[in-house]
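I've put the structures underneath this note.
In what comes next, chain A is part of two complexes: it sits with chain B in the first one and with chain C in the second one.
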Partner chain A sequence: MDLSQYAELFLAESREHLSACNQLLLEWERAPASPVPVGGLFRAVHTVKGMAATMGYARVTDVAHRTENLLDLLRRGSQPATDDLLQLLFRARDSLEQAVELSVVGREDEIDAAEILADLDGAAAALAGPGGRPAPAPGPAPAVEAPAVAGRLVQVTLRSEAPLKGGRALLVLKKAQALGPVRNVTPSETAFESDDFDGRFSFRIETTAQAADVERVVRAAGDVEHLTVGGEERRAPSPGAAPGAAQAPDAKSRHIRVDLRRLDGLMDLIGELVTARGRLNELAAQRRDPAVDDVAIQISRLSTELQAEIIQARMTPVWQVFDRFPRLVRDLARELGKQVAFRVEGKEIELDRAILDELGDPLLHLLRNAVDHGIEAPAERRSRGKKPEGEIVLAAVRERASVVISVSDDGRGIARAKILERAKRDGVVDPHAEALSDDQLLRVLARPGFSTAESVTSVSGRGVGIDVAMTRIRALGGSIDIRSQEGKGTTFVLRLPVTLAIVRALIAGVGAERYALPLTYVSETVEFGVQATTTVEGREAIVLRDRVVPLVHLRRLLGVTGDAPSRCPIIVLEMGDRRSGIVVDGMLGQQEIVVKGFDAPQGTLPVFSGATIMGDGIPALILDAGGLL
Partner chain B sequence: MSHTVLVCDDAIFMRTMISDILGQAGFEIVGEAETGSQAVEKYKQLKPDLVTMDIVMPDMGGIDAVREIVKHDPDAKILMCSAMGQQALVVEAIQAGAKDFVVKPFQPSRVLEAVQRVLG
Partner chain C sequence: MSDARVVRLLVFRVGQLVCAAEADRVREILPRLAPTRIPGAPPVVAGLMNVRGTLVTVVEGWRALRQPPPPAEAGEGAGGSGTTVLLEVDGGKKVLGFTVDEVVDLLSVGGEALERRQALPGIDPTLVRAVGRRAGQLFVVLDTDALLTPILSS
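And now, the complex of A and B:
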């Protein structure tokens, strides 16, 4: 049978089980005496083994089998987890993962498992006690006639290739019992439970049935090669062909798995539908024909529902990415000699798959920084009156149309004074500045190569990856904020739109062009020319409910010539603690836009995140709130 | 009328494969269960002609599920799906009332043979 069609399913499910193994191993490490994790581990590895064997991946099967052996011994012996055992099991899990990944892409011969197999076997032998399990004694042929008892003697030899012969032998006995009482089973039934049972056995049956009937019944148990009943020997017919597997129409199936690319394709089509809908609405508005209006409204409603459905289908809980972090934090902490309690919150929060897929690396950078540079060594923590064990929390929460993901540590925080010097020298802040705000701090940290340029001991490496993380998050239409308190810890806050594909946006006009501004970060609009303006730190600003909102004139920013209207709208953007007022010529309404990525030509202002096609077929650029703030 | 089958395995992969093998041979897969307790519940509800039962499952294992199902219906036709090296468990399952077993990795012909024996 063609197994390739199952490869993806095998991979997806194996990954799930291996991810569960990580969680279980971590759990076991925290509670070494608990019997629960080892049971779960055994089941997970066992399942992977069964699937791999079915796929014909011999090496995966082998690694899984030996891991399972060790787990079985641990499970039966109610053995508590020791550090060495856990390390070994972590390694075995990793080898298994590697073997699975390589096997699926046809690179099975690159799997090098010799070392881990030897270690697993070594550990299993040590656990089995001195001498280990008794070696299987080369058993004498057991089919010896037992003392004479009434009834027919039946001697059976099972096919040599039959698996689990003991089980088959027991089935033979069960079938035979239908004809009459069965006695003198040799070897005894307990031998059937042993893996060494070779498939030869005999018994006596008290029955009035003919020898031929006994034979028929016994053979019905399957896998019988050779059989004598009452001294009358009969040879087995050669194993026949499989019963004709009639090609019936496919049975109904309740599950379908959809290729992600299909979902993307569907999303693109719906995007085009949304664009066409916009155009239809515009035409309907021009026609003022109630019949056309009706259809337009109906199409609007249907496409909105369709869109909601497909977006829902793309939603993926964050644990799919978060679940690999506990293991990672643990390994890193061990390596660096830190003690870290890692907590994950809001695992079930959902995000568009496309966004979630991009989050792994940025989060990895932030977590690595937290362990490496945030959390102090146990001795240092003690001397500062903190618990020796540091805490790192990765949390996701839903906030309106965005998801907020934070990475917090209770470590040493960032030494602002040192960063300030650096910031002054680099001209990031005014040379007379006396303190750095969180925003300024982030801007310094996110400068590419910040930490490697010069050693700033207490924060060395702080900048590594933050520029990368920031670029990634911004490209997704999100933002990063930082909050850090010296001696208390640091928190990075990532804000992301829930979905990338279709967003609600404000359409603003500047000169002859239209621009789209995703509503995710729009907090309100006010009117310029009505609101009093002021100047703060050399920038034009308005004061809105006691808060200063610096203004950005889009017309000037984009170099549009001509005069702005005397009264025009200000779109107030809000991202975390930052605010900014964008002055545009006019507001053209709200609409759903389909986000298309675009490759900005060299020299383009970094304020566009993509493009969209408006209802009339003319493209408009999408403004990046992060870039404008 | 085709025979109805309840497929019990904690791995979707295995359920899919068994369903495919049996479906292509003309059986009707009427239900799937991921745990032993689900298997028992679905057996009572669907009364299938045949059950394929994995041995190792979370919540309630396959052998306990066989015991429960046989208690409810002594004529239940249950085919165990086992892995290599589970001799003792297979023996236990048969003592509990399973009618036959197949061993992973599955060969469709062997699965169908076993099914015929059980339904025979």
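And now, the complex of A and C:
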């Protein structure tokens, strides 16, 4: 079996489990006596171990195994988490992550886990008590002196297409152990890790639970195709009819993992399809064959729908980026001696993957600022009558066609008086200004190098990254706002389009005005004044390769005053078999534009599909080919 | 406007007319920028403005209130000095820009300070919610929805 094809899947799944480990460790740190996180940690690490073993990544398996050992002891002993243990587990998780990442790229020999392994074993030995030995790995089932045929026989067949079957099978055993002792695992667990394990295995379980409960628990491991409990076959529930089971395997099977590069590739192909569609339309128009026209129209419609579907497929929930922040905030707070409660809201809100990928760094800057400069040290907070623990909230909300992401802290806010002084000196605001508005404040903060030039005590460093964050967000067609109240806290509000509806467009000049014309329907440009014009059905037109192309003078249509130059370009638009030549004053180039909506006033000519913001920040309207033809 | 309520008003001047809008409706106050013309829109619409990446349709204040054009307007087209007030319309669902000559004041007034006269000479009474007095001068509190909503298409 060639495992390399599973490496990416292994990586993706491991990352998810390790991300879950972070969340669980943070949870445990907040509630050291809670018995819940350790169970989850144990399962996550165990799953990674199973998958790594299947993949033959011995070092990963090793680190996971020793971490699991320690977790098992903690779990059985219902030990509350001490700070030392948590630090050790955070380190173990990080080592595991590193081991996973290195193994996948074939650099397993660079993994240096000796220290963490020794520390894990040391901690495990200490927990096991004097003379005690670390508990055996819970993996190998205690099939030692099984009393022949005690308990119910459970036979499991995993889905044939399930990856990492060995890991899945171990997970099934793990889940089953929650109900009672598991014995007589056939084939043995070592066989699970072999390449030719086909996903069929059986075991006996001593439990008082009903067959239905056993089934529910086993199926919760996922990828279980077929199951019998005590000789009684348990049919798979019909899709969507898994009552109460939040993580029903059926729900899972409706999603597949797609490499982002594939989606980008699809997007590129769609672009080409759109071009080919234009060509087909052209040919169809030349043939004047209704049957070909029908096909051309159908293909136009299908490719448009396909494009919409792909844009939808690119939509990704924000948690994919947000989930790494709790750990970052926690580590930073610890490092700086601050106490921070970090909350994430609106994790399920979706954004175009391309936008989401760009958000990580700006948000990181803002969160870092919030911990470093926003939240005060516990003593300072106490002296101001605040809770010693500060609060930072990262929230995403959908607002019509945009997503609003905010980063708020309840810290000291920004010392406006100091910033104002500085802003006056730098000439950012009027020297007589008495106060800074939020907007002016942001403009001052976002000046590159603002805070590095001179220390501005309580706000030093505030500007670092804000200019970077702002540039990034604006490049995405978004905006940043700030609200800050001295002593109460600061909120940064990011507004982003849900999708980057980017199109490539020609920029045409008419008088002093500019208009964008999406290239989708532009077939060619010719020069007016060189081409002979004629009049067809009362309309001015040119003849282009034996076809009559009626002309539209944009200057006249849009009511631009002044005279047109004597020679100017004609942009030939083509949609289906309709053609039109748009006469403009000049061509100012081609560029990708972000399509934005605007509130059109009464009377607006019906030839605009939206507007865009040009490189100089001035809006330009986007001409709609459909409206011009 | 009930008598007990305290209303915050943003007072501004458009030509010779002093008017006010409820401060709760004011999203932002920006310097006036030359907007991008929207072909076909009535003259009362100055055009489109870029407010930090969002496109805002701007209404020419003096035209909407039927005031004489400001001196600068007589010579050159749009642009020049002045201020744009971003106002929420349609219950906050939309934001429009409204150009004024200058912002005069931010007032907190009790309902009783607003005399219940529904009109002042020189302004369409349907656009007036109330009339107030500041430093001995009367001003109209505009019904911004009645003023701006008809300008947008449905």
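The rule is simple: the second predicted complex is superposed on the first by the 336 of 629 C-alpha atoms of A that agree within 3 Å, B and C clash if a C-alpha of one lies under 4 Å from a C-alpha of the other, contacts with A are read in each partner's own complex, and residues count from 1 in each chain.
The rule is simple: contacts are C-beta pairs under 8 Å (C-beta built on N, C-alpha and C of every residue); 3 or more make two chains touch, one makes a residue touch a chain.
Computed from a prediction, not measured in an experiment: that's the story for all the values here.
> Check whether A:345 is in contact with chain B, with chain C, with both or with neither, and answer first, second, both or neither.
Neither chain B nor chain C is touched by A:345.
> Have a look at where A:197 lands relative to chain B and chain C in the superposition and call it first, second, both or neither.
In the superposition, A:197 touches chain B alone.
> Have a look at where A:439 lands relative to chain B and chain C in the superposition and call it first, second, both or neither.
Touch status of A:439: second partner only.
> More residues of chain A in touch with chain C or with chain B?
B
> After the superposition on A, what does A:213 contact: first (chain B), second (chain C), both or neither?
Neither chain B nor chain C is touched by A:213.
> After superposition on the shared chain, which partner residues are touched by A:221: those of chain B (first), chain C (second), both, or neither?
First partner only, chain B.
> So, does A:51 touch the first partner chain B, the second partner chain C, both, or neither?
After superposing on A, A:51 lies in contact with chain B but is clear of chain C.
> Which partner chains sit in contact with A:559 here, chain B, chain C, both or neither? Use first/second/both/neither.
A:559 contacts chain C only, not chain B.
> Would you tell me which residues of chain A are touching chain C in their complex?
Touching chain C from chain A are residues 439, 474, 477-481, 495, 513, 557-560, 596-605, 607-608, 611, 613, 617-621.
> Applying the document's contact rule, which stretches of chain C touch chain A when the two form their complex?
Going by the criterion above, the answer is residues 28, 30, 35-42, 45, 48-57, 94, 96, 150-153.
> Spell out the part of chain B that touches chain A in their complex, as residue ranges.
Touch list, chain B to chain A: 2, 10-14, 16-17, 19, 21-29, 32, 56-58, 82-88, 90-95, 99-101, 103-106, 108-110, 112-114, 116-117, 120.
> Report the residues of chain A in contact with chain B in the complex, numbered from low to high.
1, 6, 9-10, 13, 40, 42-43, 46-47, 49-51, 53-56, 65, 163-167, 170-171, 174, 189, 192-195, 197, 220-222, 241-243, 245-248, 250-255
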